[in-house]
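Structures incoming, each one as structure tokens.
After this come two complexes, each holding subunit A, first together with subunit B and then together with subunit C.
Let's look at the complex of A and B:
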């Protein structure tokens, strides 16, 4: 077993101990730790917090829930191929409340590790960090083996809200620990190893590029995530897919639809503009 | 979900008792490279430049002052309360505001200034990383909030890698409310002056 795998296995076997240590350290440094069951509960909690702090929330609890699912997708969804968002810090409204997803939690330091791009771009008054309960590590020095696995140009370790004498930084720091079915996975001997995942992304579709993947935390890549992906029902249905299938089955209609799209294209849609000429046009020109 | 209910379900799933201590966790292997200062410098120059940072090396306070004045080009800057900046005479330069004790004054100064001058906790040679630790003397908005970040640090603070930083005193992270490890920046220009 690799060193990261050994440490992760040790953490999972003693998860209650390390969560209690993390909570004790972080609250001792001025942070607040909250345990919640699901993204829905977290969204309700954050909306209530925003209301208490008089911060306006665009889209209400539903908007917050969507952000939460991007920052902290359910472990099973992640392993089925839904990666976390690249920018791991978002502001709900102005700089009132900032939401971020943790890469790791460090028990002995009471620290939250954020890793990604521009993790410190927002400077909110209230910083809320979401994390699955499995993300805890025993000691700060464990970061020597785990940080290189997740990368990111910016790494921040939050060890509490701003302290006495500091002129900036969050006035309040909340760590929301999500169960999201993890305690059930922990009880399942067959699937418990999935919780070792540190979301390095190496095994995700498109990342491996056909090469053999060695999971740094020794998850059985060949069977466990594939098992989860196979369990998911194929969800290719609905009128959009039927329309797409109808158009794709009629070449002239497909070409006409492409011309219409080019003619009425608007930059405001925020989507990549279509190429000036279609493949079919280029093909015909090439044949002349 | 109540905290106690979660902890109870975890203990049940793991077959553990309340307050049961874990065995000693496996020890991570920290990589000790034993590089000389010159080796660390060489590696840092390469890695920092590769991330788009600008590195300047000076050997005296006068050279540091001249370089900062050149970068300021008559403009305004805000500076942190890092002792090194005072020692080098940076805080006395024209156009440099410092000594903030009020959050509102700091915010206003950061709105108008283009350059933030600060120091840092240490540098990591292997990855070209700048490690910033935010304290009352080192506000976040000066170190990272402005279009140009100018960081001035002694070359004695150049460590080999993350492993060396964690091996020195891992508990030091708790001494500040936040530690940031920066590897280049897309949103602002970073100039580093090594003294």
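Let's look at the complex of A and C:
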């Protein structure tokens, strides 16, 4: 079995070839493939689709743009530690048009793989799928290697609009291939390997848990994502961590902060509640 | 010779899982160590390190180094904080950190490799599943001597954990498999992961308890 890293490196070196194959196959199966530069362009395109079909869109193009960014965040943002929300499918106004983010695109089968936690998602009449151009894989059998990496309990494949005699599937299928700075990244020697990422999420803060993580597609995760996070730590975490660092360097302040947390704890935060007494309190009491 | 152990309980155990810290102290005392707790300690710096805020991670890491400068053995109940201190802190703070970092031990490794104990005389009459890929060797060795403990298999998992030797992420699928195993307790050695599991099990309304390895080893 070929290793995931080799497959991804091969795809990136031959991206134009595999995108052309994907487009040829999927178009042959009745799908529509469009290349767009940004989330803005994609939002305009989808709004036009909606208007042509007289589907009302709440929030207009701006609302669609926000949904697009949820479904297909910039790769660099993702690696910085802002994981994609586990939305697999978002419907615009009921059952008319559905938006989904692809997990993978399969060139030889002209297929789109959707993977997520959501089950029984709405099956819209018009299905629009967004995918970064890097999502393509050469063959259907590569899925055996890649599907276990991304997980998700609900996996579906789309190979085109519904054909005569088929029970379900959308009436129309659009695949929007987003560049969103990816071709630029591809040209950057230092960072191009980032495009190998299949978003398994293992290197993300919290998931990684400080463990030595082996990246399945051999991205230099010890330095690359951390480099990105360092280049631009999220605005919020910037001041958050300065405050955190200030507190953690001062044991008394740290203890006080822990007590404040207890005093103002809210169930709604959905986090495990702090224990009634800290370890250090219990330790002091035990030593008396 | 009596080993002098300084506990680094981590901020997570201090604030959220104090029982795991007390159990760890109890087991270490019981195997003949002299145990102390230094109240100057706070955190290992990992949250900032993972978020890319190296400067803050280094700052907090150096507070750790100052707090434990002369400690003989620094024992911690978290596999991930142990690896932050042993591997990452020297990258941030250089040679000075390396020397102290080498004296940091994850609890189960310390028992097996330094204290040279496999059987702590524990009894824990429950069916359990064990979570956590890292630190498992020592953990399993210790658990295999616990009387009354029945370890249930957690159905084959074909995801990335098996392929790449990592812990499986806490997903609804994992929770379902834990529930299906019929275990009454989940045992872990990574405190954050234990909390994630606890949250997921509670939200699902499952009466399965999450316990740290130390709590199992301390029970009689």
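One rule holds for everything that comes next: the second predicted complex is superposed on the first by the 226 of 288 C-alpha atoms of A that agree within 3 Å, B and C clash if a C-alpha of one lies under 4 Å from a C-alpha of the other, contacts with A are read in each partner's own complex, and residues count from 1 in each chain.
Methods note: a contact is a pair of C-beta atoms (placed from the backbone, for glycine too) under 8 Å apart; a residue touches a chain by one contact, two chains touch by 3 or more.
It should be emphasised that the depicted structure is a prediction, and the values quoted were computed from it without experimental measurement.
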Inset, instruction - Figure out whether A:7 sits in contact with subunit B (first) or subunit C (second), or with both, or with neither. - result: first
Inset, instruction - Kindly classify A:168 by the partners it touches after superposition: subunit B alone (first), subunit C alone (second), both, or neither? - result: first
Inset, instruction - Report for A:242: first if it touches subunit B alone, second if subunit C alone, otherwise both or neither. - result: second
Inset, instruction - Check whether A:159 is in contact with subunit B, with subunit C, with both or with neither, and answer first, second, both or neither. - result: first
Legend entry - Touched partner set for A:41, first subunit B, second subunit C, both or neither: first
Inset, instruction - Kindly classify A:260 by the partners it touches after superposition: subunit B alone (first), subunit C alone (second), both, or neither? - result: neither
Inset, instruction - Could you tell me if A:140 is touching subunit B, subunit C, both of them or neither one (first, second, both, neither)? - result: first
Legend entry - Which of subunit B and subunit C A:277 touches, first, second, both or neither: second
Inset, instruction - Kindly list the residues of subunit A that each of subunit B and subunit C touches, one partner per complex. - result: 117, 148, 153
Legend entry - Contacting residues of subunit B [partner subunit A, same complex]: 1-3, 6-7, 9-14, 16, 20-23, 25-26, 28-31, 51, 100-103, 106-107, 134-136, 139-141, 144-145, 162-163, 166-167, 170-171, 173-174, 176-187
Inset, instruction - Under the touch definition given earlier, write down the residues of subunit A that touch subunit C in their complex. - result: 80-81, 117, 148-149, 151, 153, 200-202, 205-214, 216, 225-231, 233-234, 237-238, 241-242, 244-245, 247-249, 251, 254, 258, 261, 270-272, 274-275, 277-283, 286
Legend entry - Residues of subunit C that touch subunit A when the two form their complex: 9, 11, 13-19, 21-22, 25, 37, 39-43, 45-56, 59-60, 63, 79-81, 83-84, 87-88, 134, 158-160, 163-167, 169, 171-173, 190, 192-193, 195, 198-199
Legend entry - Residue numbers on subunit A that touch subunit B, as the complex places them: 3, 6-7, 10-20, 25, 29-30, 35-37, 41, 106, 108-111, 117-118, 120-121, 123, 133, 138-145, 147-148, 153-169, 179, 183-184, 186-187
